[in-house]
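In what follows, structures are represented as structure tokens.
Across the two complexes that follow, chain A remains constant while its partner is chain B and subsequently chain C.
Showing the complex of A and B:
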């Protein structure tokens, strides 16, 4: 016990000097001149570049299909896929809504259950060693193999819940493992400082643990968001379609079965758009939360 | 040992053939893609391969299996396989609809083995009853024959339950019904529960599609009709011999090699059912032989499916999905 006390005492000095060093470093970095800002025109062009690349790729696809005279059942041209999207919109829209809903709820559940679980795992090495193997099992077990079992567990009357569970399993792990590391990476010196000043557990969580875990959590969220989408689609394949509300996987399955390539590509286009939108949303969200203080989101000021 | 011997015999026959007939040297290599894993319901093709019927017809055949996660259909259109076993006529109609240049050239099962099963000691005793049961059905069934069950017999969509080729959910619920092959699942259920289930064959209730149909590309039909003919004739012989069962041990061995889960009992049961129910040999096949296609039936099935909402009226010409060039009741009669 006495050795522990003296260790804490030694750390206090370190923490305080460390703290000062950190703020000194911050001042120093502000003192160095930022790189020259890009001209406004160049930046405007830069913001158009992703769209321009998309247009080039789609045009290349369209031209290649037309020049090589690829039959539509093999690879439909973007124009044909677009036409199918419009023509089949009344069937595609509800299916898309179902997939989006499954994805969103699974992601939300992954966050709601993942973050507290991560806090629990981070609280004790023993708990982590005890529980983590099961989290890993959850992650590596192929969905295809466990889906029928999940259906049995949840009950075949509730197919959507089984799909949700499958999607959640896929989305849960990145949030859990990243956030756990995040909680663990709180600065040791600051930990000691909080202890020294008798910070309440709430203050410790709000001012120290949460900020240090946030970038890690957000990195996990980026992965989980798109995994939740993949999970929502794959789950529908392996669990089976809902009778009243089939999602995009059913559309894909049916169009494959019926050799209807344009409809299949239209469904894939919707999934891709969803993925890109979700990617942009999580990155934007992450930037908003981190831009003021975290290295990963710092941009050179114009 | 038996297998070794039969392999030796086969090899010797092949040797004599190579020595004897020069054209056997130029055997045509063709690939047949199946719609499912090796099983007795595909036994005729394995028979023709195992007993040298394909080889005698100057064909070097390799078989590519299907399965629950395998879709071999695109391989045919894209020229990576030469023949494809299709489950029923619907996908052939879809090929016409999508402009895919493939056609059905022979129809081996005159009656589709697809059936609905319920527990022997469950509450559902009749076809009308079983429409009320929770029905375990996979995606493919939902998009095809269930649409007909719904439109022609009022099976409600709300009763559909997921099915992943596992018997567990069915065994778990005495009130449930499930899809199955009349040649396989009753036996599997009997093995699991000790009792034969109640079985309703869709073909007995008006489902008129051919099953296990042979499809090939239009370019083969047009440019190599003699090759297509040889393949069909050899496959018919294979099916006749497989059903007969006197000399099918080599075919059964091949099936078990490709799909080790199949047992001898299941093979025996399947063969017995195929014969007993006349799945391949009833109807037009009784007079014209195995594999026969009749256009009126194709049209009638298309009309039924239009009523079931799968096609718009007049959307395609159903006769474009098949060709009677190689095998038809008329041809067989005039022979």
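Showing the complex of A and C:
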């Protein structure tokens, strides 16, 4: 009798907690508690995991270098790289600034030119068919092959501008192509609605097309930010060490000529840090803009 | 044009560029404050009728007369409101801003629009959810927002294109009841597109039955049930009789090639 009564209870409870159904059906005489949510401590530890791995790896590296007595010009120990970072900071800091500046300005230019170009491409199939093949060509030709020509064209007097151009070329395309698709992806029903209420072209762009394109633009931005760094680094390798304001990659190049492995590694570490920072910044920025409405930013429920 | 008539379609035809003839010789009238259902088999061009009236596409033959053309509406008013099959809400805007959209598109500023937005949300019973985002709402609630948005501009004619077809029956019945209550209060005219016989009889004062493509009106059935419609209406003999009548008519319409 009691199982008949509790069966309805199970149906109600079923939607909320699956475990109750089992116990109420009488398959399990004692009520089992729901699985406890992961404790805060465990989650906090989880977020520390990558850092812990880094410590283990660095310690292993340090020990291996010391035990095997690897010469410093082949592989310096992490402690030696750290010491070089501090000792050479006055040379590394301006180099870092150069690379960061190349990357940032290139990215900004890619956005400023890419978004309006995308709007133009999206507004006319003819323009798209005319221009898009060249945009693709720009993208698929390896930058390393094109870079010397860019340096030649822009000239050694303005070599930083050549570096900027290299970085821009690779950063431009993902923003252009993604944002073009974004502008095109506005919901048909919403387009009808805007037409029904006689929206002006400007209102359509601002209230419908731009927000529709935003997630696509942000996806492009994530790719472009890291490509801008790649572009900046490749350009520095092409121009080599003989520049007035060397960037981080030029520093690596130049240190290699002097067999100064610790400085090479120190510059490499800064490039990695830059990449990680850029990645975190764009992902955080994207999440902030999309978290309330876009599925891509949906936080999964624990 | 007769004062009592809101929209008149006279021998309207629509042929799409890629071939199919959607409508041929379609004539119909919607009067002021009248609730009319347009019933037809799927693919008969019902939605085309709606798009033509809404001005979203142009007829290839015939004339559409709209009582409001050339007349100035007061600020914020729109003669036409539309509820589509999908809620078609802006996913990046709150419920409140979604309802405000048609007013914003007419250049009404936030404070001027606020009264109408709050009123419309009150009508559909969603005042508490003004700050929610569409994805936080259920399917039925999204459709309510869509109805509120259409009503915010105080339309003279509300076009509804199978608005609740994607919802479960319980939610659909409740939304239909709420829609009727609103209609009795406000008396805008409504053109309700549906493929459900029961829905069309339950809601309207007049049912127009459409033929297969190319669509035209083949029958018109006056629904002489009292305006106040309840659960009892659904079980009354007269309701059953009217449903049978509409059903026969629809069967004949679907049979003719």
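Note that the second predicted complex is superposed on the first by the 251 of 302 C-alpha atoms of A that agree within 3 Å, B and C clash if a C-alpha of one lies under 4 Å from a C-alpha of the other, contacts with A are read in each partner's own complex, and residues count from 1 in each chain.
In this text, contacts are C-beta pairs under 8 Å (C-beta built on N, C-alpha and C of every residue); 3 or more make two chains touch, one makes a residue touch a chain.
The model shown is predicted, which means the values in this text are computed figures rather than measured ones.
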Problem - Which superposed partner A:187 touches (first chain B, second chain C, both, neither) - result: second
Handout entry: Touching partner for A:136 - first (chain B), second (chain C), both, neither
Key = neither
Exercise for the section: Return first, second, both or neither, reflecting whether A:241 touches chain B, chain C, both chains, or no partner chain. Expected result: first
Handout entry: Of chain B and chain C, the chain that contacts the larger number of chain A residues
Key = B
Problem - chain B versus chain C as contact partner of A:55, first or second or both or neither - result: neither
Handout entry: Partner chain in contact with A:112 - chain B first, chain C second, else both or neither
Key = neither
Problem - chain B and chain C footprints on chain A, overlapping residues - result: none
Completion exercise
In the complex, chain A touches chain C at residues 187, 189-190, 192-199, 203, 207-208, 211, 214, 292-295
Completion exercise
Seen from chain A, its contact residues with chain B in the complex are 71-74, 144, 147-148, 151-152, 156-157, 159, 162, 237-241, 243-244, 250, 253-254, 256-261
Completion exercise
Listed in rising order, the residues of chain B that touch chain A in the complex are 69, 71, 73-74, 77-78, 90-91, 94-95, 97-100, 134, 136, 138-140, 142-144, 157-158, 160-164, 166, 168-169, 172
Practice task
Going by the contact rule at the top, pick out the chain C residues touching chain A in the complex.
Solution key: 51, 54-56, 78, 80, 82, 84, 86, 88, 90-92, 101-102, 104-106, 133-135, 153
